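Each of the two complexes below includes chain A, the first together with chain B, the second together with chain C.
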Partner chain A sequence: MSVPPDITFVVLTTVTLLAAIMALQAKELIYGAISLAISFIGIAGFFVSLDAPYLAMLQIAVYVGAVVVLILFTIMLVRREEADKDETGETGQSAAGLWLAGLLAVSIAGIAALAGPNLPATPPPGNLPVSQLGPVLAGAYPVPLVILALLLSGALLGALVLAKVDK
Partner chain B sequence: MPSLVSYIIVSAALLGIGIYGLSVKRNAIRILFAVELIVNAANLNFVAFARYMNPPNVTGQVIVFYSIAAAAMEAAVGLALILVAFRLNSTIDVRKLNKLKG
Partner chain C sequence: MVNLPTTPADILPFIIAVVTSHTFITLVIFPGFIHLTIVVMFLTWYERKLLARIQLRIGPLYAGGPGGILQPIADGVKLIFKEVMIPYKADKPLFLGIPLALVFLGALPFAVIPFGQHWVIANLDVGLVFVFAVASLFPSMILIFAWASNSKYPFLGGLRSLFQQVAYEIPMWISALSVVMLAGSLNLVQIVNAQQKTWFIVPAFLSFIVFFIATMAELERLPFDLPSAEPELVAGWFTEASGAVFMVIFLALYMKLYLMSSLITVLFLGGWWGPAFLPQPVWFILKALIVATIIIIPRGVYARLRVDLLIKVGWTRLLIIALANVFITVVLLSTGVLSAWGL
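So, the complex of A and B:
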C-alpha cells in the first residue's frame, strides 16, 4: 500500500521550505549547512515524485555529497567566531529584504494561480524512462556536453589555483 | 497527483527565500547558500514542466543535468574565492570587503 501523492507533496513541501529557512536563519553556520543538505534531499524527493529518479540520484550525489561537504570544509577552515558572526543587517534593511522576497514570490505564485486553468492539472499519461535521457544528452546536445566537461575541469583547476597557499 | 501550479508555487517560495538571503545576509557563505537555493528553485521548475508537457519531454531533465554540474563548479569556485578573501582580509563579511570602493 502506497502513500497518497498529496500527502507526499505536502510533507516534501514542508520539509524543503522549513529546511531552506533554517539554512539561512540558523545561529551556527554549520547547522545551516546541514539544513541546506536536508532541503536538497527534499528537492530530490520532488524529483522522484516527478518521474525523474536519475536526477534525484544526481541531486543527492552532487549537492548533498559534494557541495554541502565542500561548504562544511570551508566553514571549518574559516575561523569559528568569524564564520558564526552574524550577519543580518540593520532591521530596516532586513524588513526591506523580506518585502522584496515576499513580493516577488507572491507575484510569481499569483501569476501561476491566474494561469492555473490553462495549465495541466494532472500530468499526462506516460512516463520518462531513464533510457531516454542518454540519447538526448549525447545525441541532441553533444556540444554543450563537451563544453560542460571542459568548463568543469577548468573550474576545478581554477579553484585549486585560487586556494593554493604560496610558500 | 498535485497540479503543475502547486509545483510552481513551491518553486516561487524557494526563490523568495533565496532572494531574501541574498539581499539581507552579510556572511559570504550564507550568501552562497542563498544562491544554491535559487538554482534549486529553477531546477524544480524545469523538471515539473518537463513532466507535465504532453507528451512528457525529457529535455527539461537534460537541462537540469547541466544545471547541477554548473552549480557544483560554481560552489567550488565560490568557496575558493571565500577562502582567499578570508586569508587576505581575515573576514568574510561582504560589507567589509570593500577595497575596490572609490
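So, the complex of A and C:
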C-alpha cells in the first residue's frame, strides 16, 4: 500500500526549511529575522495541520510576535558597521559544524529507526486536555521526547559557542 | 458544496450558486471585503469631519454627497496619481511590500469577528487568540518598514512604536483574560452569546477601562501618538511614505481602528445583541462606530504624553490593574455572585 504524499506537509516542510536556511545565510541581518519569522509561521502551519490551532496561534503570538521582535530590537540597537564587520569566515569552523550536524542527524535517525516500531499505532486524540499532555508525552512517546531534548541541548550549546566573546 | 459544472449549460447556474452561497457572501460582501472597504473609507471621512467639528471648522465639504462624504474617493484618486517617492538607499522590496502586508494583517482578523449570529466567516474555536496573534505581528512590520525607509525620523518612530505596542500588548491580553473566564470560551461567537443578558462591561468594568486604554496605545491614537509625533518626528514611522504607499498604510491604520473597535464591541459591549427592531449586524456596526468615535475624539482634545510617562503607565499601572481585575473576576465567579446576571 503506497501512501500518497501529503501536499500540505511537503509545502510546509519546504517553506519552513528554506526559510530557516535563509535565516542563517542572509547577508543582511534584518532579512535573516524576516526569514526566521516565516519559518516560525511554517511551524504554526504544522500545528494547524495537526489539529492544534491553539498551539499554532500561540506559536505565532509568542515566536513571531515576541521573539522576532526581540531579535529585531537587538539588530536595530547594534550599529550597522559593527554587525557588518563580523565576517571572519573561518573554513575550519564550518566544516566542523557540518560534520557535527551530520553526526547529530545520523544518531537521531538511528534512534528513531530503532524506537519507531515501539510507538503507539494510533495517535492520541486531537482534543487532548492539557492535564493529560505530560503523561501522554512521557508515557507513550519517551523516545521522541528525548530526541527533542537532544536537539534543544544541541541548539543551546551552539548558541553558547556563537555568543562566546573572544578574548 | 456546489458541484463543478460539466456542460456549458451548467455554467450560469454554477456561477449563481457560487455567488449566492453563504461562504461567498460572507467573504466578499458582508463581513468581508466590500463591507470593510466601505466602512474604512467612511471612517477616514468621519474622523476628518469629527475633528473639524471639535475644532470649530467645517471639514470636508466640496467632494460631493452630504457633508462631502465622497472625500475618501477624491483622496484615493489623488494619492494613486501622485508619484511614489522611494528614498535613496531604501530597501525597495520591503518598502513596497510591508504596507501591503499591513493591510492584509489588518483585514485578516475580520475572518473571526462575528457581526451577527450567522454573519461570521470562520467560526474558529480559538478566535480571540487568532486576533491577538495576528495583531501581534503589527509592531514588527512597522519597525521593518521604518528600517527599510533608511531615514532617521521613521527609524525613531518605528522604535517608539515597537516599545509602545509591546508594552501595551500585555495589559491588553490580561484584561481580555477576565472576559474569557466569564464566557468560558475563546470562541468569539460564544463570547457574544454569553452576553445575551448582561454585557461584560458591567462585571468586568476595570478590564474594559484597561483594554480601552491599551487599545488607544496600540492604535497610536492621542494621547499615545508618540510614534508619529509631528513636532519631533515629522510623521513618525511613515514619514517617507508617499502616494500609493501612504494610501495603503493609511488604509491599514483605519482597518486596525475598525478592528479594535469591533473587538471591544465583541468582548465588552455584547456584540450584535440589542433590541430586535434592528437586524443584528446593524447593532454591531453601530456599536463599533460609537467605540471608534470615542477613540477618535481625544485627538481633538488631549495633548501628547511624554515617553517615560507612557512606559510607566503601561508597565506599572495598567498591568497591575489588569492583574487585579483577573483576581476580582475569579472571586466573583467562584462565589457565584454573577449567577443572578445569567453568567
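The rule we apply is simple: the second predicted complex is superposed on the first by the 100 of 167 C-alpha atoms of A that agree within 3 Å, B and C clash if a C-alpha of one lies under 4 Å from a C-alpha of the other, contacts with A are read in each partner's own complex, and residues count from 1 in each chain.
Criterion: a residue touches a chain if its C-beta (ideal position, glycine included) is under 8 Å from a C-beta of that chain, and two chains touch if they have at least 3 such contacts.
Keep in mind that what you see is a predicted model, and the values were worked out from it rather than measured.
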Touching partner for A:57 - first (chain B), second (chain C), both, neither
second
Quick one: classify A:66 as touching chain B (first), chain C (second), both or neither.
both
Touching partner for A:76 - first (chain B), second (chain C), both, neither
second
Check whether chain B or chain C contacts more residues of chain A in the superposed model.
B
Of the partners chain B and chain C, which touch A:94 in the superposed model: first, second, both, neither?
first
Using the superposition on chain A described above, determine whether A:34 touches chain B (first), chain C (second), both, or neither.
second
Shared contact residues on chain A - chain B and chain C
54, 58, 66
Contacts from chain A onto chain C in the complex sit at residues 30, 34, 37, 53-54, 57-58, 60-61, 64-66, 68-69, 72-73, 76
State the interface residues of chain C toward chain A in the complex, per the touch definition above.
91, 94, 124-126, 129-130, 132-134, 136-137, 139-140, 143-144, 147, 155, 159, 162, 166, 169, 186
So in the complex, the part of chain B that touches chain A is made up of which residues?
1-10, 12-21, 23-27, 29-30, 32-34, 36-37, 40, 43-44, 47-48, 50-56, 58-59, 61-62, 64-66, 68-77, 79-84, 86-87, 90-93, 95
Using the touch definition from the top, list the residues of chain A that touch chain B in their complex.
5-6, 9, 13, 16-17, 20-21, 23-24, 29, 32-33, 36, 39-40, 43, 46-47, 49-52, 54-55, 58-59, 62-63, 66-67, 70-71, 74-75, 77-79, 82-83, 85-89, 93-94, 96-98, 100-102, 104-106, 108-109, 112-113, 115-116, 119-124, 126-128, 132-133, 136-137, 140-141, 144, 148, 151-152, 155-156, 158-160, 162-163, 165
